[in-house]
Each structure stands twice: as structure tokens, then as C-alpha cells.
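Here come two complexes built around chain A, the first alongside chain B, the second alongside chain C.
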Partner chain A sequence: MSEKTVIIKIDGIEIKAKAGQTIMQAADEAGVYIPRLCYLKDLTPHGSCRVCTVKVNGRYQTACTEPAVDGMEVENKTQELEGLRRDIIDMLFVEGNHFCMFCEKSGNCDLQAEAYRLGICAPKFPYLFPDRDIDGTHPDIFIDRNRCILCGRCVNASRDVDGKTVFEFVGRGSEKKVAVNADAKLGDTNMALTDKAADVCPVGAIIKKRIGFAIPVGKRTYDQKPIGSEIESKS
Partner chain B sequence: MAKPKIATASLAGCFGCHMSVLDIDERILKLIELVDFDKSPIDDIKKFTGRCLVGLIEGGCANEENVHNLKYFRENCDILISVGDCAINGGLPAMRNNIPLKECLDEAYLNGPTVYNPSGKIPSDKEIPLCLDRVYPCHEVVKMDYHLPGCPPSADTIWEALVALLNNKPLDLPYELIKYD
Partner chain C sequence: MSDSLQKKIQEICQSSNNDRARMMDIVQSVQKEFGCVSSEAMNLIAKATKSHHVEVESVVSFYSFLSKEQKGKTVIRLCNDTVDRMKGCQEVAKALSSELGVKFGETTSDGKITLEYTPCIGMCDQAPAALINDVVAPNLTAEKVKEIVKNLKKGVDPSKLSLGKGDGNNTDSLIGAAVRNNVLKVGDVIFADNDSGKGLENALALKPEEVIDMIKVAKLRGRGGAGFPTGLKWQFTRSARGEQKFVICNADEGEPGTFKDRVLLTEKFDLLFEGMTIAGYAIGASTGIIYVRGEYAYLLKFLKSKLKERYDQRLLGKNIKGKSGFNFDIRIQMGSGAYICGEESALISSCEGLRGDPKTRPPFPAQRGYLASPTSVNNVETICSVTRILEKGSDWFLSIGSTNSSGTKILSISGYCKRPGVYEYPFGISITDLLNDVGAEDAKAVLVGGPSGQFIGKNEFSRIICYNDLGTGGSIVIFGPKCDLLKAVDEYMEFFVEESCGYCTPCRAGNILLKKKLEEILEGNGESADLDYLQSLGEGIKKTSRCGLGQTSPNPILTTLKNFKPLYEALMKPQEKGMQPTFDIRAALGDAEKAQMRKSVLYKN
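So, the complex of A and B:
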């Protein structure tokens, strides 16, 4: 059976999508970057961060979960949407404790990179400095919840790829956090260094021990080029 | 015509951002042709001698003296800039922000493993500025006009910002110069 093609427009430019693809997948293939934080290729879309919000025929939708449908008119790079994305990124910074100056993920962090891409010099909301905990009990992997943005990637990767359900969300609202499926700590789970879940965190909340700061400043993922450049260079 | 003036201050910071100002190297000679330094640790002028065009603030507000100093700068500078992460988000000093102040002081002066304090008292003298309940970013205390992130911001970032402002141009940092580390 040949795959059906649908045509959608993003910011007025026609792109081809395969039927069943999400807007994000179609855009990625066409070399159009839609900013994102919780979406990761090969994981079930979680639709939680809302950074990929676009306007579809005038209504707000998350591009990572919304299927591409023939004739859709999508707005992506508009002042309004960039403003909303900036607000979300700003909120993620002030709702956690993000001290990039000593974070092992700095330079390779998607949250930081989206902020750089938007030209954010300082968040506009007041800092909350919440009280969050850390878990260093596992021999090879470390959790620092101060930096968790609740994207759900670790939850999905552990469940769908590793078949382990090491991570799950508990609590609601500002109390929500990533928990592990052991009575006490990460060290009591069957999490392994080779698990997909150890690789997917977009920020410095789940990090592998003893490899921090391995890449010199200037050579890290987002030092020279903004996040999304690899997608945009395809167009 | 008199040259515009620049003032600088280090509040709860480590002087790293001032080091970054010095790191503009020989460009500092160009800078002093364009501006006069007023109140600043660089020339040790303690009180403003006149209105300043630009005030560069390093560090956040951790005690009442920091707040006083920051307000003094706001009153005397047309443009106030948060230089570096401590000014912008409290930086390392703000790591105490989710620990009650009493616990911080007890750890520092009574219980810390390297503490020698036979009096068993936490220092308290009117010469010592009172600690705030937490460390505040500068823009939560007074209005700040611009922010130069980084720990510290690079010399190029500071240079670009000053050149833009001295030439009445908008401060629009290129991608490579916005860094939080």
C-alpha cells in the first residue's frame, strides 16, 4: 500500500507529510524547526511541556501530538507564539533551581538551549527557589530534582524502551515530582547505566556519574549553534 | 563635553565579573578614552562624584548593605545592568535560599566541621551587615535595565554591551554571547 501524502502549510510554506505523522514529525522532515522540550524522537509524545505550541487553523495545539491533516494552516514562528514559548521557558527556570554555572549538563541542556535560542538574558518572573531533593544512592546515576522539568521522557523511556518502569510521577501541582519504583531510592531499583532512561533527560536532572564536564567549553552541543539548527539545515 | 561616567559594584559576588571587565584587555584603554570610571572597586572611589550613564552590578543582594548599595546605584545611574548570574538569579550564594537562615548561620559559625568558636556565639556587631532571609536577584530589589548572563559574562559580552550603550544603539547580543555559565 502506498503511503498517502497530505499537504500542510507552516507559516505559509507548503510541506508534505505522510498521513499519520504529527505536525512535529512532518516539520522535522521538511527542515522546519518547532521548539520542543519534552518531545524526543522514538519516544511516545507526552505533550506536557507545551513549548511546541503552534496555532492550527487559529487554535492552539501541541505540534508533537497533533496529527497532520490535509490543508492545515499552521503558525509556528510568530511573535505571539515565540512570546508564549518564552514565558514557558521563563517559568521552568524560576520554578526549579537552575544554577547553570555549576550544572554538568550546561552546554548540552535543551532547556538552556531553548532559552539561548529565544535570546533570554533573564527570566521575567520572580524566582521561587523551591525545596527539592537529590538522590545519589545509585552507583552510576544521579538524580537532581532541582533541575527536573517534569517532561516525562525518563518515565516513557523506562516503561516503553527498557521495560522497567523505574520512574513515575507522584504528587500534583508544585508538589509533582519524579519518583522511583523502590521504597527508598534510585539505588534500590534495577536501573542500569545502559538503560535508555539514563540517556534521555533533556536537562541535568538524571545524569551519569563520573563523566561530567568531559567536553570542553566551546565544543559542547549548543555552544556555537542554536538548538534546532541541525533540523533547519535540512531545508 | 564631559565624558559619560561608568560605575561598578560587587554585591554578593566573587569579583569574577569584575575580572571579566578587566579581561577586555587593551580595549580598556579605548574605554577610558570614551568614559570616566566613577564609584568602583577598580579606582576605589567610594561615593558617586556625579551622575553616571551606566552602572554595572555584580552579585545579588544577600544582606542589607547590598540592598543599600544597589539602591544607591539606582539613584545615581541612568542605566543599571545586572552583570553575571549572581546579579540575575542569586548564583551560588542563592543555594542557601531553601535553607532557613538560622540553619545557615548555625552551620557557618557553630556546627560546621572546621568551625572553632569557643564563645559559641554567632557574630553580631553593628559593623556586620544583617543577612537577608534569602539572596535576592537585583531585579527583584530595584528595576534593572539590562542583564548580561554568564558566570562570568565574557569580556566580549561586556564590551559589546558597553559599546552599544555608549553609541546609543540597542543592546542585542548575538547567540554566541548569551551563555549562563
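So, the complex of A and C:
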């Protein structure tokens, strides 16, 4: 990879990017936060949640997949884009069954944290009440698909990092869901507690058993500071 | 585990070299053989192809013609597209259901026949139509259906049913379909007689770059709808880095109301094969793939035999036409019932043996396409035009059509009109002229470009078909004075909800929300603020979706909101003192009361 740098503008502010970086990577390094859900550093960008949608030279693109190109003008924190992002997050809430107050991921959940950051108090779309499976067959790991936002992190982590392909998506459209590499259940796979895939779920869909409330609500990551603060503190 | 299953599956995988990238072919064969791809079969396939059970399941569960659950040896798929509904598919559905004694989605009690609905199968000009396994049954009536079911029950093979007589190559013994071509207007480029082989001969006399230049000078643009300049696409692919390059022909026309590729594949395959060979030469590719939608499986044997003839004539294979070093092969990849696979990167995924998810762009296929190699994906009609440009020259091509839109456009015209069929016009034809030609002078609305295009009304009928005005992939559906336009809109939204790949949030969830709101309005429970809701949600989905499907799926709603707003307004109830008059407290409490097993204390009536 060449060390050539390119200059892009985000909301009018010039930032430096290394050639080959995405807008998201460049922004992160420069301390500019672009909201996101499916993107996780070190995993192949999935580009599925669409929360990181920005406007690049007037066109809508996802910052997590779009390469930074010299002279690019990026809009990030505009009323329009924040509105679009709120709608997307809203859709994810009504499309699943999210019981934040009882979910053990509360306070550590990226979906909840983005909602707070963007100022969502209650969803504006009607609930869709899907009927989704839970799977508690694995001794150490639990799947509750009611919370799954189909971000693909578990799929990519298991395939690319763990080398196991424990997860993959099946079905299409609203029937799409995360499936496991077995006739039926997670307990029949070779998933291990130490797998990267056990660590990456942004919501309460793949969780480790018996550690849920070790840190009490109120003292968790996003209870302290809004999501994105760690990035913004760099600037 | 049954030994015969094991043996047969090993055989099937072996015949595809146990190649994981040929997963589509493998699972299609298994489905055909066993009526399903069971979990047991998935394990065997995974083992043979060195993939994982869940990856096989991922593919099988994506395509509507494949299934994990057992289906009957015969599957009847009735097309319930909007045009078929106009032409009475409901009566046919009723007859099918009562003759078979099952509902749609079910299999007869003896396990032999499965009945299903399917969206547009490319037969809108002879609707209502159904697929009986691979066999096309056009122009159905309740009477015909009774006869068909009687014979099927007797054990008659679907291919032996008497379904009527086709024309042209449809009568060829390798097709033997009741399908009619219905080419009602022959234009100068595609349907005109051509000097077969001349295009390729001329191309081989030039340098590859010169061929690309000719296409550029002719200003040929993609006929699939997006309209990207073909020469530029080829140039990008040619100059991209990669040892191997590929030419893919997109024959997955899935847009409701389109069927022109069906006719091109039946009658103009030579123009197509020749064009792909020219493309291979120009780009520097030695492999071409034609991705044919699963609905057109009835053409497969015929197309394969025509390909074989070309190999025999050394028009394909090694050192084509004696040009040493120029090798080009073509294979056919069948789809399995997924509209999204018409999107070029989803189509590539499918060719690679994956679920038909679109890919992240950039990189674009020209840089990194099929199996990560530079790939040019072109529409059937585009490639046929290429052959003619090489035969007759760029200037000839430029002289046909209108400014910035050279050549002709083939339209599939159906719905409310006297003469549905395939029409080839020079670019620049107005909607009014077209309506006169097809016998639909009193049309109320025209859907240009299918549901992903736009609904236009009378005041816009003077607009013309070309890249600067009404661009279209070629689907034209006409709505008559009495038709219920908003019902059609609702049906099209149902189609998009069904066909979304589900990868990205706005398309997967947003379209459902759009449809829900529309239903509310159609049921008479809408208020004027709902129209703003539809507008802003629809625009949001378009802006944030990942591929063309989501970027266009709100169009049925958005373009009727724009051009037929009074239809919506007529359904609105006025607000009374800021209250929503349509809110039904009893219905809203219904579920909760059921759960509580008692009536609400506060709201009694």
C-alpha cells in the first residue's frame, strides 16, 4: 500500500487520508465521528445497515465502504442525513423485538446508543412484531434473533477471523436471518466462547451466558459517554 | 442416510467438478431429482464441494424455485403479476385450487402436485400464464386448467400436455412450447435481417481497441435501463488489471411486464452469441456466461444445441475463424427465481454459486467482477446491437434514433391494449404514437419501465422514449380507463417486498412500512399527513438503499403521488378537531383484550 495521502473535506473541514482508506477510516483517525452499526474495525465492511450514509459530491454513499478520493467533499452531520439515519434506526427497532429495559446488552448496545445519540425517544414507525427464534442450546452462548439487526458481523468474524463459518444468512427479504452451520442449532456447531464471533454482536442477539449483569446498568460503556465519544475525543 | 441419495448427490457434484462456484447448477439438479434440497442433501453437497452446510442452505433458501421442504414432482406456478390479474388469473387460480383440492403454497395429499404463485414469468403478452415445471402454459382459462389438471393427475408428463401451438422456433422440437413470439414491429437493428457472421468477421479484422472505438462512436448505451455507455464499460474492463476477463450477458429480465429477451433468445440467439464473441475479442476475455432467468428454462436445451453448432462451425472455441490465439467459450447459467439477480452484481454473485446478494461497490465489476476478475455485464439487446454495429458500421447506427439515443429500443407492451407484444422502435417514439400502434388510445395511465420505472398520465403522453426523456429497460404496461391504479401500485409494492434481497435496512424494512401505510389508505383509514409520510419514507428508501432495487422500489408510490394525486386524496377522510377519525379503539384494543381474556374497563361499548 502506498503511503500517498489524499485530502478530503468532511462538512467543510479538511482531513488527511491515506490512499486506500475508506471515508469512515479516515474520519475515525481524524476524530470525526460518522454514526454506524454494521461496521466494526478489523472486519470486512458489510455496508448493510446504511446508517453511515453520507453525501459524497452530492451523491449518497456509505462511508464504511466508499474509498477516500482526493478532493472529495463529504457531508456528514447535516439535518437531512441525520433524519435519514434516524429513520433507519427506527426501522431496525420496529423490525425486530427490542426490549431495551430488560435486555442484558442495555448500555453496551450500539443500536440503543445510536438511537440516543441521534435523539430518538420513541419509534415513529409501527411495530412489525416478527416471529423470530431463540437458540439456547450452546453451553456458553445464547442467540436471540429478536434483537438481530442482520449486520453480518458474526458472519464475517466467524468466516474470516475464526476460520469456522459458524454463521451465514439464509432466506431473503424480511425472511432473512442468521443461521448456524448445523442441521438446526448452535449447540451442534464448533462455536467456542473464545471465538471472535462471540464478541462482535452490536446488540443483544449473540450473547455470552452468565456474564449478563456483571456490570450493572448505569455503569456500562454508553452509560458513561455517548457512542462515538472515543473517536471524537481524538480531535 | 440413504445410499442412493448419497450416490446420486456425489454424481451431481462430480458432474460440476465438485466446484463450489457451480453451486447453482448442483442445487438445481438436486432439486429436480428429489423435489427438494434436504438438510441431509446439504451436508453431502457441502462435503463434496468443500463448503459448509449453512452456505448451501444460504443459497437454497434465497431462490424461490429451490426449497428445503419436499415439493411435488410437478410444480404449477401461476403468474399473478398485475397484467395477469387484469387478464383474469383469479378465475384460473380458483379453478386450479378447486381441481387440485389444495390452496396455493400447498401440495396435493398424494404428494404429487404443488401449487404456487410466482411473480412475472415473462409472458404478459399471453397472460394469464403458468409454469408447469419448466413448461409454459400461456393464455389460460378455467376450462383449460380443468383439462390440464385432469391429465396431470392421470400421470401425463407436463411436456406432453396439449397447451396450444407456438410460432417460430417455439415449434422446434427442442423447445416445443405453446409460446408465441408476438413480434409486432420489426425495426432496423435487431429484428431486421442481418448478414450473419459479418459482424464477427469485421471485428476480427480490427484491433480490439478499434472495435471498442466503433462502439463508442456509435454511442451505444446499455439497454437494460441504466444506460451506461457500452464502449466505456468495455474499455474499463479491457484496461483493468487481471489475468482472466469475463463477458456476462444478462438475460434475467425480471421486471414485471418485460418479455423481449424471451423472444431474442428464441429467434436472435445468433446475433447474441456473435455479439458476445465480439465482446470477448474486444475486451480480451476468453469466457462468456449467459445468465438466463429460471423462468426461461424451457429454452435451455435449444440454446445449448445452438451453442454446440457454433462450436462445430469454429465460431466458438479455440482459434475462432482461424484467428490464432483468439479463444472464446460460452456457457449458460440458469437462475432460479430471484428478481434481484437482474442487478448486475447480484447476477455475478449468483453465477459464482452464491446467494444473489448485490456486491459492495466500488469495486465495480469492470475492475473486480466474476470470481474477482474484470467483467463486463451487458444486456441481451445491447449485445445484439453490437453485432449489427460491427456489421453495418457506427455511422449507420448513429443515423437511427434520436439525439444522444442512437439505435432502436425494443419494448414489451402489455396490459390494457388490443395488440400486446414486442415492438422495435427507433428511439424517439412518443407514448401517444405507441398507444395508437398497440390499440390503447383511451389508456388512463402507462407504466414506463415497469414498477421500478414510472407511472405517467395523459398529460405526459407526448413524452418520448429515449435516454434524455423516458429511459426504460423496455417494459410498458398500459392501464385502461376502468382500472384501479392504486391497487396495482399495492401489488407492485408487494412484489418489491417479496423480491428485496434483505441485505440492507431501508429496502428490507422500509418497503414493508410503505406498503403497510398504503394498505391503510386503501382501506379508507388514511389521513392527509399519510401522504407526506409516504413521500418522505419513499424518498429516504431511495437515497439510502444499497442497490437499484431499493433505489427504485418506492417508484410506484412516488410516481402515482406525483401524477395521480387525486386518486389518493379521494380516499382521505378529513380530520375532525385534530382527531384522527379513522382510529378504531376497539380494534386497537383487540389483541390486548385477547391476551387479558377480558374486556377493557375504560372503553366499553
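Just so it is clear, the second predicted complex is superposed on the first by the 233 of 235 C-alpha atoms of A that agree within 3 Å, B and C clash if a C-alpha of one lies under 4 Å from a C-alpha of the other, contacts with A are read in each partner's own complex, and residues count from 1 in each chain.
Keep in mind that, in the parts below, a contact is a pair of C-beta atoms (placed from the backbone, for glycine too) under 8 Å apart; a residue touches a chain by one contact, two chains touch by 3 or more.
Values in this document were obtained by computation on a predicted structure and should not be read as measured data.
On the shared subunit chain A, the superposed partners chain B and chain C overlap sterically. In the superposed pair of complexes, A:A122 makes contact with chain B only, with no contact to chain C. Contacts of A:R50 after superposition on the shared chain: chain C is touched, whereas chain B is not. In the superposed model, A:E29 lies in contact with neither chain B nor chain C. For chain A, the partner that touches more of its residues is C, with chain B and chain C as the two candidates. Looking at the shared chain after the overlay, A:E82 reaches neither chain B nor chain C. Once chain A of one complex is fitted onto chain A of the other, the partner contacts of A:V180 are limited to chain C, with no touch recorded for chain B.
In the superposition on chain A, A:C100 contacts chain B only, with no contact to chain C.
In the superposed model, A:M91 lies in contact with chain C only, and not with chain B. Looking at the shared chain after the overlay, A:G171 reaches chain C, while chain B stays out of its contact range.
In the overlay built on chain A, none of the stretches 62-70, 80-88, 116-124 or 152-160 of chain B clash with chain C except 62-70. On chain A, the surface patch touched by chain B in one complex and by chain C in the other comprises residues 126.
Chain contact summary for the complex, chain A toward chain B: residues 93, 97-103, 106-107, 112, 115-117, 119-123, 126-127, 129-132, 217, 223-226. Only residues 82, 85, 88-92, 94-95, 97-98, 134, 137, 139-140, 146-149, 151, 173, 175-176, 178-181 of chain B touch chain A when the two sit together in their complex. Looking at the complex, you find that chain A touches chain C at residues 45, 47-51, 53, 60, 62, 65-67, 83-84, 87-88, 91-92, 94-95, 125-126, 128, 149-150, 165-176, 179-183.
Remark: chain C residues 39, 43, 52-55, 57-58, 61-62, 338, 340, 355-356, 360-362, 497-506, 508-510, 512-513, 516, 537, 540, 543-546 touch chain A in the complex.
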